[in-house]
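The data blocks that follow each hold one structure.
Each of the next two complexes has chain A plus one more chain, namely chain B in the first and chain C in the second.
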Partner chain A sequence: MPGSTGILAPGLTTFKRSVRSKGVSVESSIDNLISLLKRRQIRDSRPCAIATAHLLRRVVETFKITDISRLIDRVQQIGQRLISAQPRELTTGNIVRRVLGVIREEVEEDREGEISGYSDAGTDSRPQTPREQDSRAPDYSALFPRSLTSSLLRHGEMDSKLEEIGDGRPQRPPLLTSQTSYAVTNTAPTVTSMFSLLSHPRSNVPSPTATPGSQSPGIHLSLTSQALANAGAVKDLKAEVVEGIQEILEELNQADDQIAGYALEHIHSNEVILTHTSSVTVQKFLLKAAARRKFTVVHAEAYPNNHEATHASVIGKAKGEPDDDLGSEVFQKTLTAAGVTVVLVPDSAVFALMSRVNKVILDTHAVLVNGDIVAAAGAKAIAKAAKLHCTPVVVLSGVYKLSPVYPFDPDALMENGDPSKVISYEDGDFVDKVEIENPLFDYVPVELVSLYITNLGGHAPSYLHCIIDDHYCAEDVDLDKSNAYR
Partner chain B sequence: MAVSSNNSMPTPTPEEPSITSHSNGSPPFDIVKTYNELCRTDPLLTHPIAAIEALISLLAASPVDTISETLSLLSTATTALKSSVSNPIALSAGTDLFQRYIISTLQQRSSQDAKGRSRRNLAGGTEDFRAVLAHLLANSRLFVQRANEARGKIASVARKFVRDGSTVLTCGRSRVVAAVLEATADENVRFQVIYAEDPLPSSPNSTNIVNNLRRKDVPVAVIPFAAMATVLSRADFILAGAESVVENGGVISSMGTYQMGLLAKSKGRPFYVVAESHKFVRVFPLDGGDLPIKGMGIEFSTENEEGKGMHEEGRRKERDLCVEFTPPELITAIVTENGVQTPSAVSEELIKIWY
Partner chain C sequence: MAPSANVEGELAPAQDIESSEKPLENGAKEQVVPATSEDITAPKGKAKTANGAQQKGKPSEGSKDGKPSGKELKEKAKAEKAARRAQQKGRQPGQQGQPIVDLGPEKQKNADTRRPSVAGPAPTTKIQHKRTGSASGGAQKPIQFRPVQAHAAPISEEPPKENKNVALFDHLYGNPRRNTVAGASKDVHPAVLALGLQMRNYMICGSSARCVATMLAFKRVIEAYITPPQNSLPRHLTTHLSSQIDYIVSCRPLSISMGNAIRWLKVKISEVDVTTEESEAKADLCNAIDSFITEKITVADQVIARRGIEKIRDGDVILTYAKSSIVQQTLVEAFRQGRKFKVIVVDSRPLFEGKNLARALTDLGLEAQYSLTHGISHVIKDATKVFLGAHAMMSNGRLYSRVGTALVAMTAKEADVPVIVCCESIKYTEKVALDSFVHNEVAPPEELITQGETSSPLSKWLDVPNLQLLNLMYDLTPAEYISMVIDESGYLPPSSVPFMQRLSLNT
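Let's turn to the complex of A and B:
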């Protein structure tokens, strides 16, 4: 590792520096990130997501592509290693899946130019033998089973930003709202899962009913021949993928501001808002509303893991996490300075105060496909209290935190932190006699949440799976091929 | 019906009259008989798939030349089929899927043609239609096989719910539930099963689940249905099959599922439904009374049925009321071959095939 990193403790900043430097090989960057994740030197959703995106960008840049399916395999392998290094940081897997989606989408776009030629050749033989046509045209549909519209949606949203900096891509329509995904699904060649039962034998290779093990060599074969046929196009493809990853990184940087953009729709004058932990996302959201409205914020301090940061953010002494890109400009202004009345309360007072609260706004660590969230410890007590008082609970989460993973075992996502934060080790009497636990997370079931606000807007819990379908390829959901059926 | 949207397709030319003439003398094809035969011979066949198979045999047996002829043939056959059974919902999932597949494939092809080529001869539409038809006729066994594979796929997803030491409560005669539990047993997961037995004496299938699991060394406790509430606190979650999944995400399944769902909700136990996606059907019932199923009403009587015994009436009712509706709010998740979905995702899938 270069000596320049000596001053800083290993973390996101040092990792980003090392991953960019030419002297460090890709392989050692991967190992570096894995050990950082294992040692929890990079932790929390956003830093993990940023680190993963940076690593994968490097991987794609340095990859000598002869065959695009190899790149997919490679990214999948790296993804598996990162996930097994730290399975609780779900954003790592999310970013890996997003990047895989970008690669698949670029391949599909590439195909669209050529496929018409193929199908022209194929049509004449089609009436007699429908199968033959399939075997002649390389079957890329295998690679984009269902939700490649996914990235269309995301790109649309990115496009509007790109156009601002004069790098708009004209071939993609700017789709600003998630609702447009319906339209996209319809115009795309219909590969709905329900029809997979009746579809042509070859055309649904990744479909649930096909056994993937036996089929996938077929995909690779057709891809290889295709890739060899136009090696020139591959170069472009790589640049496009890198650009796609760049867009993901940009999205990570802007998510909080975009979420804050919806603040005025949700916070009204003279409301009492309850929040919990010091979260940049929530802080920005409230500040945005504070610019126009007067309201009261009841801030639960989140003892023992986050109370210091919470206190600091209330009085405005907080600095951004040292690992953070945003640095010191995060808390440029406190809520009190913006004219908001802030009431700092211990977590135990939440229930008593809930009857006066109009709205609960929570930050989250991860959102799972069924809408359950993993949030800082104490969130469930707050959500339960809110449910009892029929107070709406709003969860703020960037799209990058939405995970397509179904929580078969929610306990596996929980984590216990440093017990010395509860009782310090100097307190020998305690440490000897009792067991001290300090859970970091709470698992909040979807029934307790009223609304999710992502950088795409507000979504009802029942709509969440559509957003997830739009962003991840169904094939990539299960990255761990060893235990998976597919 | 969305047939009107087909006007973009070229009208087929009567170029091959030979096919129409050659089988004119054969006896008319009996769709109901074929369907019942299929259901009887293959116990693994679900109603929707049996309906699809029956429709394919119908198309194979009857000479059709044009798209609209086919569609009207299908719709008459479907109506005949639906009126022949007491619960038409399950098979209508199959007939709808079949009809939508034909329509949307043809639409897709014609729109692709419009894009790809500037000009095509009029016979092109007919050729496409023949290709689709040929594909359907040639692959009918494949569809059955895929439907059965879907079950294995569901099993591979749903078995992740069962962990070492967990206790599963189930009831009914669902083939998918059986597949899930047997697949889990094959993975050497140590779990227990509580099976709430249907009081209906007949079905040989129900004991099959119990016997098969015990053969695989899975401890199974068989309880009467009435003991469900008492036993529920011992179970970690509930697994149920379904005959159909309706648009709002509710399910139509064997008697007792609704009770089980209500109890699960009140005790805070997860209630998972396993069903293949070809069972999704476009019906939107607000409660069980909305379903077009015969024999769902109850009759009040002051007459004692002397001689027949008091239980005769209940038994008869039981035979009639073989399925019921479970509303979506009781269901934690529906596991299809596409993965674990929330009940609200069902309408999404249906919208995709209908619009």
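Let's turn to the complex of A and C:
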């Protein structure tokens, strides 16, 4: 039923193919992704993010927009389903939030265009037929019975506020705009976002301190009619949202290269760099530096969950899974070929070597709003050892991994892997008697991290929440709980 | 067993040792000795010829085309190397597979049965427990034993193209470990010959086990020793022992405890009165060795275990790293005394010693959890105490132990879990070290190559330029992570180690 081709093992590639094909309905694509996530056939931050973005693009493309708030509801609904399918893959939620942000921003822009009088409103809007609404989103209106008027009002205020904070929402090219936006808006937005960080995203809407947007309440009040929203250039809006999602996808593809662009600032000649597990992001980062500098990389192998990939990455053989589109680009060149001395060590030797290491560079699975990271198991001990030796720990992470989720329960983000990797089932009698622990992730608190490098540049741990504020609407933060509030 | 090809020729010495040792366990010691030496000398020649043939092949090939340019020569060398690799790889599986599959269980039996016979008059139960611990305790665990065949042979015959030594540890690389008894000095006693290989292959592993095994082997050396004419025993026996020690060092560097024991033995020998009858002097020395083992290790272990048990309460969760015989003894004794506790064993590549410990404990019925180094920050949450063994305690209070111990101690310290080190005073050393670079042992990097069902990508690591594998044996745990050291004289803070070391020297 999910339109996978059946040739390849189900995974990201098959999903991308099926989501593009016209024959597969949106609903079945959603179900397909949910089951792929549940079965862990799509895992890790980047594949999850890519799959989510592709799915949401399809959703927006096929959605017969008559009312923009319905699209928001629809995306929220899908987002909740995806998140509950695999709550540990935080990037899924991140992408959903960013797509929501794109939609909200487009709505806002659209509205502003109308105010200034050059709108092409009403030229191409589809008639709002009850049939379409029913067929496309039968349940959602029931699930979200709040009035469109009020929601529009709220969105308007929120958006204008966030826009002032720095129009750092997803659809712009990340590096450039955020810098320019900061240059323009100076320090004021930072202050605002600090305020809004402390206050609840919902409760801060009416609070006067947090709404610089209150300077233009009249505009929004004048916009509150449903008619106006419907009259908006729906088709254009949809195209722009799709374009926004496309830009998110491009960002996902470029993030690693953009991060690598900062490599030369951080890696210098004759340094000893320690890294852990195989990671394309780190690999590209180090390769970029290797083009200009000679240094040594100590590579901890992350036994038993990722040592094969680590070995393959140092030897230079591409990963044996062509089904990932990562596979083709991964490890095209090894560090050793670039003239870097790579020392492969077991994880246990990290402490012994740490006194000679100049920098620890870690990949991450997710970065949370307070700066804590979820990384491959073993990372915490490494970061701790680095801290004790006063060695800086640098975390590389695309912005898409920054999650606005606050880790009230870090253990909920942890996951256990296949115990047979620790002790194979051949040792049957032993396996019977012993309890085997094979965690996949470590929760590394922010105190152990010295620096984050995203595709926007290097950031102090305390600054991360600003970037997160830039990228996600405050409204979307507690996406998965939105049901409970209504 | 008859070597039919080059491949087997390289294998032969090791296998011969194995086979020749089987009679040894039956108690026919006198017959075994000559048999072993014969077996040893025979393959030596074969190995040599094999090497010679290969070496001869090389220059003839190289000199074929009159004056090759430098580049051509290089390419040629490369091609040759590739061909040699391919050849080696072709035979490697066979080599590795054979000894493991054939000798695996057999070897276990050997190890188990041989030990008591070697142990001599020392209380057998203790010794047996101590020494079987590191090598036996399970059905098959191919990783535990290094394949007996020659790794060094291909390395040595290769032109030293790229230095694969990790520069940071350059001072720690000695000569490659000896793989065969071929080329050993003729003075070396067969028991020592066997011991060296056993240590090299981690069949005898662990600081105190190696110390006991060495002393027992030296006892046999002394028993078999006859002072040459115009020599006195105190003078000549020391040099005779030195050649034995040289051989052992060429198999694997001495442990701190071995160094301490050997120093003690040399002092004992030099104290022998020249006028004493030779047989009497030898008997005295043998008795001294026995009482040394009893006092410094066997009884010390019992005392430490008793003290350790006092620190285990009902409901405790004891975390331990890798395998230490004294920690194992403590846990087993505590379990026998009816303490109710759980054990978490954290283990690491490539030796997986902890697996044997976990297996031994679960076989007794203890509740055990097993994880690897990567899970340390998770399992520490459940632990209430950490028990660690030691390879040595440095004079500045730092613990020198299996690599990874420092990570465990650090994590425990962070989680406010007390770290208790069990260490016999024979392991105290007057040496000091600030980090793991000062003293360490670099094991052959080939041990890191995973031996799964599919060939590991790492098997080609020698061909990859700039790639180095580092297989450290030990690391140094800072004193501040250690809450307490238990030795036979009591509980002490790590800062007291130098004083205890002085005391133990005086006794």
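Rule of thumb we're sticking to: the second predicted complex is superposed on the first by the 354 of 486 C-alpha atoms of A that agree within 3 Å, B and C clash if a C-alpha of one lies under 4 Å from a C-alpha of the other, contacts with A are read in each partner's own complex, and residues count from 1 in each chain.
By our rule, a residue touches a chain if its C-beta (ideal position, glycine included) is under 8 Å from a C-beta of that chain, and two chains touch if they have at least 3 such contacts.
Note that the structure is a prediction, hence the values are computed from the model and not measured.
Contacts of A:I34 after superposition: neither chain B nor chain C is touched. In the superposition on chain A, contact of A:S462 is made with chain B only, not with chain C. Of the two partner chains placed by the overlay, only chain B lies in contact with A:V369; chain C stays clear of it.
Looking at the shared chain after the overlay, A:A474 reaches chain B, while chain C stays out of its contact range. Of the two partners chain B and chain C, it is C that touches the larger number of chain A residues.
By the touch criterion defined above, A:K384 lies against chain C but remains apart from chain B after alignment on the C-alpha atoms of chain A. Shared-chain residue A:V24: touches no atom of chain B or chain C. Shared-chain residue A:F408: touches chain B; no touch with chain C. When the two complexes are overlaid on their common chain A, residue A:P439 makes contact with chain C while staying clear of chain B. Put simply, chain C touches chain A in their complex at residues 138-139, 166-168, 348-350, 355, 358-359, 362-363, 367-379, 402-404, 406-407, 410-411, 414, 435-437, 440, 448, 450, 456-458, 460-461, 464-472, 474-476. Within the complex, the chain B residues that touch chain A are 52, 97-98, 100-101, 104, 108, 112, 115-117, 127-128, 130-131, 134-136, 139, 142-143, 146-147, 149-150, 152-153, 156-157, 160-161, 163, 277-278, 280, 333, 337-342, 344-345, 348-353, 355.
Within the complex formed with chain C, the residues of chain A that make contact are 272, 296, 301-305, 307-308, 311-312, 314-317, 334-337, 339-353, 355-356, 376-378, 380-381, 384-385, 388, 414, 422-423, 427, 429-430, 433-439, 442. On the chain A side of its complex with chain B, the touching residues are 116, 119-120, 126-127, 130, 182, 185-186, 189-190, 192-201, 208-211, 369-371, 406, 408-409, 462-463, 465-466, 474, 477, 484-485.
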